[in-house]
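Following this line, the structures themselves.
After this come two complexes, each holding subunit A, first together with subunit B and then together with subunit C.
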Partner chain A sequence: MRRSIERHWYAYAMVAPVVVVLAVLVLYPLAQGVWFTLTDINESTIANPVLDRPATYSFVGLRNYLNVLSGDPSFGSFWSTLLRTIIWTGSCVVLTYGVGLGLALLLNRPMRARALYRVLLILPWAVPVFISAFAWKFMFNSQFGVINQVLGAFGLGQPVWLGQTDLALVAVVIVNVWVGVPFMMLALLGGLQSIPADLYEAAEVDGATPWQRFRDITLPGLRSVSSTVVLLGIIWTFNMFPVIYLVTGPAANPNTRILVTYAFERFFSGASRDYAVASTYGVLILSVLLVFAAFYRRALRRQEAFA
Partner chain B sequence: MAEVAYVSASRVFAGNPPVRAVDQLELDVADGEFLVLVGPSGSGKSTALRMLAGLEDVDEGAIKIGGKDVTNVPPKGRDIAMVFQSYALYPHMTVAENMGFALKLRGTSKQEIKDKVAEAAKMLDLTKYLDRKPKALSGGQRQRVAMGRAIVREPSVFLMDEPLSNLDAKLRVETRANIAALQQRLGTTTIYVTHDQVEAMTMGDRVAVLKDGLLQQCASPRELYDRPANAFVAGFIGSPAMNLKTVPLTAEGALLDGLTVPLTRSALDKASTEGLKEVTFGVRPETLRLAGADEEGMELTVELVEELGADAYVYGSVRIGGVPERFIVRVDGRTPPAFGQNVKVAVRDTSEVHLFHPESGARLEV
Partner chain C sequence: MTIESLPIQVQAARVSLRGKRSMGRSVALHATLTVASLIAVFPVFWVLVTSFKPDARAVAPTIRLFDESSLANYRDVLSGQQGDFLAWVLNSVEIALLTTLIAVFLSATTGYAVSRFRFPGSRKLLLSFLIAQMFPFAVLIVPLFNVLLSLGLQGTGIGLVLVYCTTSVPFCTYMLKGYFDTIPTDIDESGRVDGLSPFGVFWRLVLPLARPGLAVTAFYAFLTAWGEVAFASAFLSASDESKTLAVGLQVFVQQNRVEWGHLAAASILVSIPAVAVFYLVQRFLVTGLAAGAVKG
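Moving on, here comes the complex of A and B:
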């Protein structure tokens, strides 16, 4: 050990700044967050230098976890919120992947003005999320929004999109798909372009129909790209705060409440500002994603071994 | 089993001016024949093959397989199997799945697919590798899988697009022989594309030489070698290449430096009726020999000697009309001349020289 320090001290010196930065920016907040989940910290117990008040919160063990995991509505109905989060994540990722793949397939064939289409389809990505979110919020407005005007013109009724119904969840899913498609499309287009053209020719000579070529050449060829973007999509969507908050907020809508938005609600709204419960939600979200990612990777590896 | 015919088939690529990649190709391939399409890059040989496969449109003319016009039939309806230069093996399928893919698409029963794949694998020595993925195979094994995929289908025509160009030299020679033997055994009509004239000569029943989309000559290897239809074929077929030089004509024959190669009466008559004062004179390295000091011969200054063991090729320059021209001469491998030496070179057999029109390049019959 000492020998290695003597010999490689410059290497340690070189990486030290990064280690310090990571420790300050990642490890310390993470450790502090986990610590908060074991206390009763909130607005009235946290140290307040302005009021010259010392911290008065204390260790409470696993009480926060027990409260949250009991599913009690006063602690955010954890289980039903988790279920809604899973529905939200699943429908967003499936739709984003499907639409993204469809557009990528359309863009992956020679046609006029291909570059123009590509730019237009990537545009939603370049627009800041809050702008798209507000634009959609206006479009979903039940009285003046363009969506209801079109629906009304066809006599299809004028639903209240962003009210306290499950329709609000449908609306935020639509917005999130719109925001997420460009990334999916771009990644899948890259994947499509890495499939050699002669595989399609070989399949054509072998007698494959267009559908069989898609199923037997395109999808397997996209597998590595797909597995990565689906994993990223799931993690991002699971934690997608801005779309939901900007479209259905700032007053929290219980019909679009997912785990992160509830953590935010708990942290910033209400008189109590319950930092402890908000942190508990944060740690639970992290745990759910970690467990999921572990299973996902194992499933992928098994699939690769079999296939 | 089927015969194949190109009926003045053309492929024109849009552009300015449009490129006639294959121009009015007229070619008949007999049932069971092994035909090689050969030419330099850009000669249209691969395009011609892809037209037959249905992967490339036929802009003019027609293509027939087994007497049936398939010009507008998609690839799957043509009963062909193709071996690609890159092999185009499906990376996510095992060797067995790759070979059985076409049968599976056709709805063949699992047991029958298994039997046929096993049979082809045995023929190609692939039985051990049936469960492997292509990426776990060597280049030669991949090549054999690509062959196997074609064989399993029992098509009426095999199409092969430079199937050996990704193999190393030794393996290429070995596989060349295997493919030729396999084709003879199966008796399936085969169209084989290559840029390598040695492959063309050793494998084909007949060889079609293409250049700039135009068919130059289609004949047996022997015929191509002995009676090339034009100067291009003469220079392309044979290794090292034929010596082709434009030389003046005299009343007796072709005038090289210090050497008049006597030509037949008929050749001289033909040249004079066409009003030719010069002619493109072709002589293969093995038709030349070193001459004794007292013999008539052309002065050759040795620039390079390639010793191949049994033979040696002498590269040297001869002044024709004051301009140094390179000649290649085959000599006995045990007593080659040294670099820088001046030697005399004569023609071994004047009946083996070739004469071509100096402008059109067309063969003048001797």
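Moving on, here comes the complex of A and C:
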């Protein structure tokens, strides 16, 4: 008994700093953020110690939520932006996972220059995202960008990639997949290496085809890694700000607007910085993700019960 | 690395069982990987090529590898002609290193406690780290701005370090917890038998064994801080010498004209430390990430 109390004491001492940091910098701001959504706070009503100005914002009830959820274009057309965010997240995660898994399978076998391929393939992860975004913005330029010059050389036309069309969304998806593949590839490669080789040998002895081996050994063996990285991928992509902001910005492009970039627009680049609407978007994003994660976990548990 | 070489030996055994790959399949394998590697490297290569061209030639309508190429862009950027580049570098280094130190220290102790001790609330704590990943900065950006204002830290690097820790600490804890799980608890117990305190066990036995996991964590924290755009754009004051690189480089991208040559040169200079850090830790990446993701 005394031993267990002693153990807990050490555990709490080791956990305490993180709990304090998270409480001060996540929980408290979160509570305040939720409160802000019920007010009309903006740049002129927030308290500003520098100017020695007290806060003058006031409680407005659910007005912000009603405005946003009505789908009014002057509040960011919530529903169509949500739909675009889901399309963006879905296509990014499916493509990133697919390409990452394919490359991991190719890399997970002995061959010449394996280490070299691995180093080259994870380069996109090593480069800071804002640099990658500039590089792709440069390459996507419709007049002098290298992509259109190559397309033009093959007579395939020279589309305006980053204009006010849905092509801009395709372009940012390409960039985000390029940025995201190395993480998926490495995580899945690690998962592949943890699958015991004797499973494959036994399957081969039993005469299983490569496809059967992939379906019945590789995929189940990857399930715990996959469920984690797919969930993280969905959360990160849903909230992915820099790729869209830097590739299609600085002026906001309505064709690549997702929930997060619109929240930033309201916070940062609007005429009057509307903190209340930005926070409302933040709370709505968080709610969508929480509901999704709850369903995701439940679906996983059910799948495990059947397996 | 013993952990890394083990699967390779296992695979060698597997292949000998299956026999040699046919010539055609081998060509297809290498062709696919070569194309993928080219796609991965090309944007960086293209920035490198562009960084030597004058701004006017960078946007020339015909592609050339070399076009009046020189080191002039690098000289301009480093001499501060286009904004105080060296100050941005110093700010970014300072912020990224501080974030890394704090994040690794905090997440190592917490990850170890959650991995080893079944104390009341440990499961809830882990779950809250996962949920913390879901917080869009949009919900925190205004209140954090408010907190920093009232602490007098708005526009300072320390304020940003605190903000970055909120995003990197939960994820790093999650990864390190998974890594500590793979270290046998026998080691802890034998340490205790030899008279070490729990802190001693953690510090002297487990931490050295967890170096691959720590490397991944440090790498993650460093790169998060080094490349963060949203908070840095919103929180740092407009004065040139307080900017980080991610904010400063936007100077080259104005609405109407972009100085592509200079931007490319600055980008290459920024990428060098990130890529260097990356290659120092990349051999640990597969083992560290796998442990975190599998067991997490």
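The working rule: the second predicted complex is superposed on the first by the 281 of 307 C-alpha atoms of A that agree within 3 Å, B and C clash if a C-alpha of one lies under 4 Å from a C-alpha of the other, contacts with A are read in each partner's own complex, and residues count from 1 in each chain.
Keep in mind that, in the parts below, a contact is a pair of C-beta atoms (placed from the backbone, for glycine too) under 8 Å apart; a residue touches a chain by one contact, two chains touch by 3 or more.
These numbers come from a predicted model, not from an experiment.
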Greater subunit A contact set [subunit C / subunit B]: C
Which of subunit B and subunit C A:30 touches, first, second, both or neither: second
Touching partner for A:251 - first (subunit B), second (subunit C), both, neither: second
Touching partner for A:121 - first (subunit B), second (subunit C), both, neither: second
Touched partner set for A:199, first subunit B, second subunit C, both or neither: first
Subunit B versus subunit C as contact partner of A:63, first or second or both or neither: neither
Partner chain(s) touched by A:207 [first = subunit B, second = subunit C, both, neither]: first
First, second, both or neither for A:220, with subunit B first and subunit C second: first
Overlap of subunit C and subunit B interfaces on subunit A (superposed complexes): 201, 204
Residue ranges of subunit C touching subunit A (in the complex, touch as defined): 7-8, 10-15, 17-18, 26, 29-30, 32-33, 36-37, 39-41, 43-44, 46-47, 50, 58-63, 106-107, 109-110, 112-114, 116-117, 119-120, 122, 125, 128, 130-144, 146-147, 149-150, 152, 154, 162-163, 165-166, 169-170, 173, 198-199, 202, 223, 226-230, 233-234, 245-246, 249-250, 253, 255, 260, 263-264, 267, 270-271, 274-275, 277-279, 282, 285-287, 289-291, 293-294, 296
Residues of subunit B defined as touching subunit A within the complex: 53-55, 74-76, 80-82, 84, 86, 88, 90-92, 101-102, 105-106, 149, 153
Residue ranges of subunit A touching subunit C (in the complex, touch as defined): 7-8, 10-12, 14-15, 17-19, 21-22, 24-26, 28-30, 32-34, 36, 41, 46-50, 103, 106-113, 117, 119-132, 134-139, 141, 143-144, 146, 149, 178, 181-183, 186-187, 189-191, 193-194, 197, 200-201, 204, 224-225, 228-229, 232, 235-236, 238-239, 241-242, 245-246, 250-251, 259-260, 263-264, 267-268, 275, 278-279, 281-283, 285-286, 289-290, 293
Residues on subunit A engaged by subunit B in the complex (per definition of touch): 196, 198-199, 201-209, 212, 216-217, 220-221, 223, 307
